[in-house]
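One structure is given below, encoded as C-alpha cells.
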Amino acid sequence: MTNITPRVEPDITESTRTLALQASGRGKRPPRSAWRLMLPTPTPWLVLGLVLAAVIALFGILGPLLVTDPTTIRDIGMTPPSGEHLLGTTQTGQDVLAQLAYATRGSLQIGLLVGVLATVLSLVFGIYGAYRGGLVDEGFSLLSNVFLVIPGLPLVIVIAGFVPREARGWWTIAIVLAITGWAAASRVLRAQTLSIRSRDYVAAARVSGERSWRVITVEILPNLLPVIASQFVGAVIAAILAEAGLAFIGLGASNSATLGTMLFYAQNGFALSLGAWWWFVPPGLIIALFGMGLALINFSIDEVIDPKLKDVRLHRRRAQRARRLERTNRS
Amino acid sequence: MTTSRRPVLTVDGLSVVYETESPVHAVSDASFELGAGEILGLAGESGCGKTTLAYAINRLHRPPARIAGGQVLFHDASGETIDVLGLAPDALRRFRWSKLSMVFQGAMNALNPVTSIRAQLHDTIRAHRPRTSRAEAERRSIEVLERVGVDPARIGSFPHELSGGMRQRVMIAMAMILEPQVMIMDEPTTALDVVVQRDILREIVRLKDELDFAVIFITHDLPLLLEISDRIAIMLQGRIVELDAADRLYRDAAHPYTRKLLGSFPSLSGSRGDFIRTGVMADETPGGAS
Amino acid sequence: APGGDSGATASDADTLITVGGQGDMQINFNPFSPSSIGGVGTIYEPLFFINKVGDAEPEPLLGVDQSWNEDGTVYTVTVRDDVTWSDGEPFTAADVAFTFSMLKDNPSINNIGFDGEVAADGDSVAFTFDSPSYVKGPDILNTVIVPEHLWADVSPTEFLDEQPVGTGAFELADFKPQAFTLAANPDYWGGEPELKAIRYISLSGNQAQADALAAGTIDWQTSPVPDIQNVPDRYPGYVNVTANQNQTVLASCASAEMGCSGPQTDPAVRQALSLAINRDQVNALAFQNTSTDISPTFVLLANQEQWISPSVVDPVVPTTPQADQARALLEGAGWALGGDGIYAKDGERLSLGVEVVTGWTDYITTIDTIAAQAREAGIEVVPVQSSWNEWTDKKQRGNFELAIDSLAQGPAPDPYYVYNNFFATTVPVGESSGNNFSRYADPDVSAAVEALQALAFDDTAAREPLMATIQDRIVADLPYIPVLTAGTSSQWNVAKFDGWPTDDDLYAFPAVWSRLDSAEVFKKLSPTGE
Amino acid sequence: MTAVEVSGLGKEYVTREGLRRRRLHAVDDVSFDLVPGRTVALVGESGSGKSTIAKLLTRLERPSSGAIHVRRGDGTPVSAKEYRRHVQMVFQDPFASLNPFHSIEHHIARPLRIHHRTRGAAETRERVLQMLERVNLTPAESFLHRRPHELSGGQRQRVAIARALAPGAQVLIADEPVSMLDVSIRLGVLNLLARLQREDDLAVLYITHDLATARHFSDEILVLYRGRIVERGPADAVILDPHHDYTKLLAMAAPDPERVGKVVAGEIAFDRSRIDNTTCYDHARGEWVGSAVPAGV
Amino acid sequence: MRFLLRKLAFYAIALWAALTINFALPRLLPGNPVDILLAKLQQRGGAVSDDTRRAYALLLGGDDQTPLLQQYVDYLGNLLRGDLGVSVSYYPAQVTDVISTSLAWTIALVGIATVLAAILGVVLGALAGWRPGSWLDSLVPATTLLSAVPYFWLALLLVYLLSLQLGLLPGSGGYNVVLTPGWNWPFISSTIQYGFLPALTIVIASVGGWLLGMRNMMVSTLSEDYIMTARAKGLPERQILMRYAARNAVLPSVAGFAISLGFVVSGSVITEQVFSYPGIGSKLLAAVTNNDYALMQGVFLYITLAVLGANLVVDLLYGLIDPRTRKG
C-alpha cells in the first residue's frame, strides 16, 4: 500500500480564475473553454508521466493481442532474455513478456474498476453529503472519517480470508478494495464542496430556480473535476499496489493474471535467488513506473488545483532572469 | 511637488517591472518626497501599481518583479542618508522595520496564525535588538498594545481569537514597536467595517501626531484619503499623474483622471457627482472594453 | 529449564541450527498436540524407531524387545530398565501403559486409533487386541511415551507442557518465540550426544529458508531450494539429499456407484490421461528433476520393490507420453474427437478440473504442464485453485473430478498401509470419506486388504497372492493416476557436522520436520569443530 | 407589476459550539414594502443582517417568523412555484457569483429555460443577445461564448444583472452590487441599474453600507442594526437628519470629501454600548416607534 | 475541553464501528467459518463442547437460535472481558496471548520507520519548498517513483542486494535469536540491525509522499501575508523558515500523519512477511492461511486499536501545535 500524500487543501474555487489570470498574464488570450483551463500545462514531467502511463496502458491493452500464449509450457525453464523470448522464460518455460502483457491488463482492469468505484463512492459521500449539509453531511463525514482510520489492508485481508476462494474473482477484490479505499478522497471532496457550496454562484443558481441535482452536477461538479481526477488517479495507483500486495501473499483474485500474481509465482519459483531478474523485476517495475506515471500526472493536476504551485514553476526561470537583470542594473 | 518639511524618504524615478512573458511595467518612473511627520496618500484604481510601489520601497518585491531603475533614499533622523536599494542583505534586514515599517493590504492575514501575539511582538524586538531582555520586550509590547487601544491582557492570544479590527490594531502596534520614522500602510482598513475603519483611522492620526512618524497611506477610497492626508498622489497605470495637497487636489485637480476619480464618489452631504438616477445617462460605459 | 542460558554449555560450533516454525512460536511441547512445536523424538522417545526408508526392522529405544503372540492378538514389548526421566524419576513399564490408556481415553489425540487393552507387568507391557492385528505394531512402536507422574493429572488435549520432562537425548534449554533451544541430556541412557545443542529458529516461507541457507545461518532444512542439483556449488559446505516417499497422484472421484460424476468415472479416461502425461517434463519443470519413477501399484520403488506382483505388466509407469495410445483407448471407449480438438461423448466434453491448493506452486506447475500435455491427447485439464480447507472439504465429500495430492505412507515401510488407507473402504459422495476419497470400491481388493491384517509382515508366502489380487485390480482401474514419486529434499551442513545420513546409509528419513527421524539423526551427529 | 410586502420578518440561527447551543437573532421583526419603481436601501454595518434579509427574500433561507407576501399588480399572490420568476437577486462579488466553468450564454440562458420564458434554442439565443444588449454588453455576440474570467468586474456584474432580469423578474434584490468593483466603474453599474429600473418599473432592494450611494440611489432608507431597523424614512431625511445614535455614528464614519483634513485625533469616539436597537425612528411618521422611546429626543 | 470530548467521541464511534465490522463480516460473507474452525479444532485435539461451539458462534456467527441482537451484546461482552477466543493454529493458546507478543514489534518497527520517513520527508520538503527551483526542488517529481514502488517488491530487492549479495545486513527475523530478549544492549543493537532493512523499505516507500506534500504546502504558505510581514519585519531568514513558513506548512502533514499510519501498518503486513519479522502482520497472514478466523479477527482488532490509539494521540497533539483547533 502506498502512503497518502498529506494533501494541501487549496481554495479550489479560486483556481479557475487564477489560472485564467495566469494565462492572460502570459500575454495570451485566456483559453475559451473552461475544460482547456483545467488541463494541466505540459511540462517535461507531465509528458514523462503521460508517456509512461500511456505506454504501459497500451501494453496492457494491445500487448495480449501481439504476444504468444502465456500459458504455453516449454522445456526451456528460466532462460534469460533472448531473441526468441525477449524477456526470457519462467521456470516452466512460459514466455515472461507474454505473461507480463496479460498481467498488466489484469492489473489495469482492477485498478480502473477500483478507481471508478471508489470515485463514485467518494462523490456520493463527499459531494452529496456536503451539498445537503445538516445531518446527512454529519453522518456521511463521520462514516468517511471512520473508514479513514480503520486500516484498510488488514480489513481487506480479513475479508479475503472469509470469502471462499472461488467467489474471490477479480471484481470481488475490486469491490473490497473500493469499499476500503474511498474515504480519503471523500474527505478531500467534501472540503472542496463545502467551499464551493458557499460560493455565490451556487446560491445564484438556486435563486435562478435550478434543481438540486442540477446544481450538483452542472454547477459544482465541473469545478471539482481536477480534484476528482487527482483522486481517481490516486485511487488507481493505490488499487494496483494493494492488489499486488494481496496477490503476493496469495489472497489475490483467483484464476486471474495480475502483476501481483506474477510476482507471487516468480517469488515461489525462486526467481531472485536464481538470478532470474527478468522474471522478478519487470512486474514490479511496471507497477512502479505506471504508478510513477500516474503520480506525475497528479503532480501536474496539483498545479491546476492550486495555481500557486504553477506560479512557482512558471516564475522559476523568469525569477532568475529578473534577479540577473537587477544585479546588472545595480552594478 | 515637494514637501516643505524635512524629507525622510526620497523616491526618485523608481521603476518596477514584472518579468512575465510580456513584461508588465507596474511602476514607471515614480518620484516623490515624503516629509517627516507627513501623511502622504496614494490613490488609484485596482492594479495601478500601488502595492508594487510600496514593496519596492522596502525591497520586498519578489521575483519575477525587479526594480528596473531609480533610487530610494532614506534620510535618517541622525542625518545619515541610506541608499535602500544598495543595502547588503544583512544591512537591509536591519534597516527594515527599525526605520521603515509596513502594514499590509491583507493585514487580516498578516499575523502568524500559530504563534501568540506576544511571540510575534517579541521576535520583532529581538530581531533588531538581540540584547533586549524578556521582561523589557514584554514591557514594550504591552506599551504599544495600550497605545493602539488593545487590552494588554490579550497579549497571550492567538490571532484567530481576535476580531478583524483588533488584529489590525495589533499590526499597527507591531509596526510602531521599533519607533520607525516611516510607516507604509497599504489599504489597512479596506476589509473592515466603516465604523471600525473610522476608529482605526482616528488612532493612526493620533499616534502620528504623538510619535511624529511619516505615513504613506495607500487606498482607493479617495474621500477617505482627502480626510486624513496632507498630500495625495494619484497613480494611473504605474505612473504618478498628480501629486498635490489634499484640499487643492479636491478643489481643482489638474489631471482629468483625478477629476474622473473624484466624480466617481457621490458626496454624502453634497451633490451626486456623476450619479444619475433619473434622466438620460451620460456616462454609462459601453461594454466590450474591459 | 526454560530461560536458562544455552550459550553456557554449548558453543556455536556444536550447536545445530534448524527451522522450527514460522513467525512467533507459541510454547507447546505436548507431543500429542497438533500445535506442538517440538520435542517428539528428541525429548520424548518412542519404544522403537522404524526407518521408513530402510528395511522394516525396528531399532530399540525405550523398548528392547517386541513380539507378537501366535495368532497376532497380543503384542508384548519389553522396556529398558536403566532409564530415568529428566527430572530424576525412573522410567517404568507403567509409564508405557499409562501413555496408551491415556490415548485410548482421549480419542481426539488418539491419532493411531489404538483400541486394544494395555497392561504393564514388571518390565514388559502387553497390548491385547480382539483380532489379529500385526499391522498395528508399528504404530505402537512409534508412539512417544510420557511420564505418568506428571501427566496423570493434566488434560492431555489442552496441556501446553511448557517444561517437558522426557527420557530423550535432549532437554529443553531455552524458549523464545523466535527460537528455542534443546541441549544435550548428560544423563541420557545412550550416553550424552556429541551434538550439544539444537536451535530451532523461526523462518517464514521457502524464500526465507533458502536465503538463510545461502547466508549459512542454518545447518539443516527441508524445503525446496533453487538449483537443487547444484547445492554443493551454490551453498559451499552443504549437501542435498533427496528421499522419494511421496507418491504424487491425480486422485479421481472414481466410483459412479458412489455418486461420483464426470468423465473421470470412466476408467478409460483415467488410463488415457495417465498415458498422456510426459513425466520427464513434469519432473523437470515442476520438481527440478528431484522426483523419481512411480509404480502403478503404489508400492514404493525405493525400498519395497519386492512386494510388486510379477503379474503386473508395467511395474513402473513409463515417463514418456503415449498420446496415440491414449487416443486409441478413448476412441475404443466410445469417445469421439470434437471440433475443438477435445474428445466428447454423449455431448459431454472430456474436460477435467483438477483441484489444487493455492500456493502449492509445484503442484500448480504440475497441472499446468499436464494440461498442455493432455491437450495433445484430446483431453482438457483445467486447474481449480482453492484454499487447503476447501480442497480438503471437496475431497472428503466427493465434490471433485480430479485432485492433485500425494498418498501418505504408513508407519512402516509396507504397501499394506497405502492399500488399507486408499483402496479398501468407501462411502457415498456427500459423506466424509476418510482417506479413500476416490471412493474406489472393489470387493476383492477390500477382502484382500482385510486378510493382510491378520498376517505378519514377514509371512511372504501368504501375503503375495493377496498383493497380486490388489495390484491387478488397481492397476487396471487406476482410481489414482500415478504421476511421480516426489522427492523430499534436505540440505545440511557437512562442514560443521559429521554423521549425516547418506544415499548409501539412509538410516532415517532425512526431513527435519519428520521428528522421530530427525531425532535419530541428531544423536548420530558430531561437530567437526569448525 | 409585482410588489413585496415583508412583515415581522425574523430569522434565528442556532449555532452549535460543541455541546452548547447559541441562538442568534440575525434578523428580528423587520417589516417593509417593495413597490414597483421604487428603491429601498438597506444600510448597516457588517453582520447587521442585511444579507440575511436578502436570503430570506430569495428563499435561500426560511424565515423563523413573519411573512413575505408577493403579489402581482392585480393583487393575486404569486405561487411558490413562480416565486423565483418574480424575485431575483444580484450578488455582491461578481467574481464569485458567476460559475467560472460556464459561458456567459449559459448563465443567462439557464433562467430562461428554467422558467420557460423561451422555446427552442434559437429563441433562447435571441433572448440572451437581447438581454446582453440591454445591459450594454455590446456587441452581444462576442460575449456569448466568453467565460466569466475573460470579463472585467463591471462586465461581470452586468452579466449578473442580466441573469437576474432574464426570467422577467419584477423585484430585484441587489446585495452590495458594487462594493467589490473598482471605484471608477461603480457608478456605471449603479446607473445601469437605475435605467433598468425605470424601463421595467422594478421594485429594488438595494443593500449597501455606503451611505452616499444609498442616499442618491434610493427613495427610502432602512438602517439596520443588529437585526432590527433603527431608523427609516426618505433617503435625504435619514442621511441629512439622522435621529438614531447608530445612524449618526454611521453618517459620521462615512468618509466625506467635504471634510478635507477633518479627521483629527480628538474626534470623539462613540460609546457603542449605549446604542440600543429596540427603538426605531420613522421619518415618515416623524416619531419614535418601539418599546422604549429614548428621552431627550 | 470540548475539542477533547468531540475527539474522544469520534474515536469511540470509530472503535465501535471496527468492532461491529468484525461482528458483521463473518455473518455477511458466504461460507460457514464456524464449521471449518470447529473441524480444525477437533483435528487439533480440541474438545468441542457446547460452550466452545457457542463461543465461536458468537465470534463468527452461525448460531441460528439466539437473536442477532443478543449475539451482538454477548459478543461485545466477550470482547470487554478480553476474550477473543482460542487460536486454532496455536491451539490451545488464547488469541490474546498469541497476539500480545508480536504487537510490540510492529509498533516499534512501523512507528520508528514512519516517524523517520515523516521527519525526513518534511525536512526535505520544507527545504525544497523554501527555495522553489533549486536543484533539490527540481528532484521532487522524481520521488513519485519511490511512492509508487510496491513495498514488498522493494523489500525483496533490498534483501537480495544488501543481505544476500553484499551480506551487509540480516535479511530476516527480528533479532539475533541467540540473544535473550530484554533491555540489554546486545539485544537492542541486534533489533536495530535486524530492523534496519524493513525500516528502510518503509522509509523509502513512504518518504516521497511526505516530501511532496510538505513541499507543496510550503509553496502555498510562502505566498501568505504573514510571511511577507516576517520579511518586512527584518527577521533572520532561518527564523522565517522555521517559525513562520515550516511551522504553518507542516500542519497538514501532522494531521495526515495519523492517517498515514494506517496505510503504513497495512504496507508493513506484507513487508513483515518478506522479512520474517515477528510482528503482527505475519500473525495475520498465518491466521489467514490457516483459516484461523478467531486469530484473524483478533489481529484486525488489535491493529485497528493501535491505529486508532495513534490517531487519537496525534489528534490531541495536533491541538497543541495548531491553536486554531483548540476552539473546537
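Each chain gets a letter, A, B, C, D and E, in the order it is written, and its residues are counted from 1.
Here is the rule we go by: a residue touches a chain if its C-beta (ideal position, glycine included) is under 8 Å from a C-beta of that chain, and two chains touch if they have at least 3 such contacts.
For each chain, UniProt lists the protein as follows: A, E = ABC transporter permease; B, D = ABC transporter ATP-binding protein.
Since we're looking at a predicted model, the values are computed, not measured.
Participant: Counting one step for each move to a touching chain, how far apart are chain A (ABC transporter permease) and chain E (ABC transporter permease)?
Facilitator: Graph distance in the chain contact network comes out at 1.
Participant: Count the C-beta contact pairs for A-B and for B-E, then tell me which is higher.
Facilitator: B-E
Participant: Please identify which chain has its centre, taken as the mean of its CA atoms, farthest from the centre of chain D.
Facilitator: C
Participant: Please compute the C-alpha centroid of chain A (ABC transporter permease), do the same for chain D, then give the distance between them in whole Å.
Facilitator: 46
Participant: In angstrom, rounded to a whole number, how far apart do the mean CA points of chain B and chain C lie?
Facilitator: Measuring from centre to centre gives 92 Å for this pair.
Participant: Give, as an integer number of Å, the spacing between the C-alpha centres of chain E (ABC transporter permease) and chain D.
Facilitator: So the centre of chain D lies 55 Å away from the centre of chain E (ABC transporter permease).
Participant: Multi-chain contacts in chain A (ABC transporter permease): which residues touch at least two other chains?
Facilitator: 164, 250, 267, 272-273, 319-320
Participant: Would you give the residues of chain B that are in contact with at least 2 other chains, written as numbers and ranges?
Facilitator: Residues of chain B touching two or more partner chains: there are none.
Participant: Please output the residue numbers of chain D that touch at least 2 other chains, ranges allowed.
Facilitator: In chain D, the residues touching two or more other chains are 150.
Participant: Quick one: in the complex, what on chain D touches chain B?
Facilitator: So the residues of chain D touching chain B come out as 45-46, 132, 135-139, 142-143, 150-152, 154-155, 158, 182-188, 190-192, 194-195, 198, 209, 211-213, 215-217, 239-240, 249-265, 267, 269-270, 272.
Participant: Going by the contact rule at the top, pick out the chain B residues touching chain D in the complex.
Facilitator: Interface residues on the chain B side: 45-46, 193-195, 197-199, 201-202, 205-206, 209, 220-224, 226-230, 246-247, 250, 260-262, 264-270, 272-278, 281, 283-288, 290.
Participant: State the interface residues of chain B toward chain E (ABC transporter permease) in the complex, per the touch definition above.
Facilitator: These residues of chain B touch chain E (ABC transporter permease): 58, 60, 92-98, 101-102, 104-107, 109-116, 123-124, 127-128, 158, 160-161, 171, 174.
Participant: Any idea which chain E (ABC transporter permease) residues touch chain C in the complex?
Facilitator: For chain E (ABC transporter permease) paired with chain C, touching residues are 36, 40, 42-47, 87, 89-93, 97-98, 101-102, 156, 159, 163-164, 167, 170-175, 177-178, 180-181, 273, 276, 278, 282-283, 286, 289, 291.
Participant: Quick check on the complex: what are the chain C residues that touch chain A (ABC transporter permease)?
Facilitator: 206-207, 210-211, 214, 224-227, 281, 284-286, 358-359, 361, 365, 368-369, 371-372, 384-387, 390
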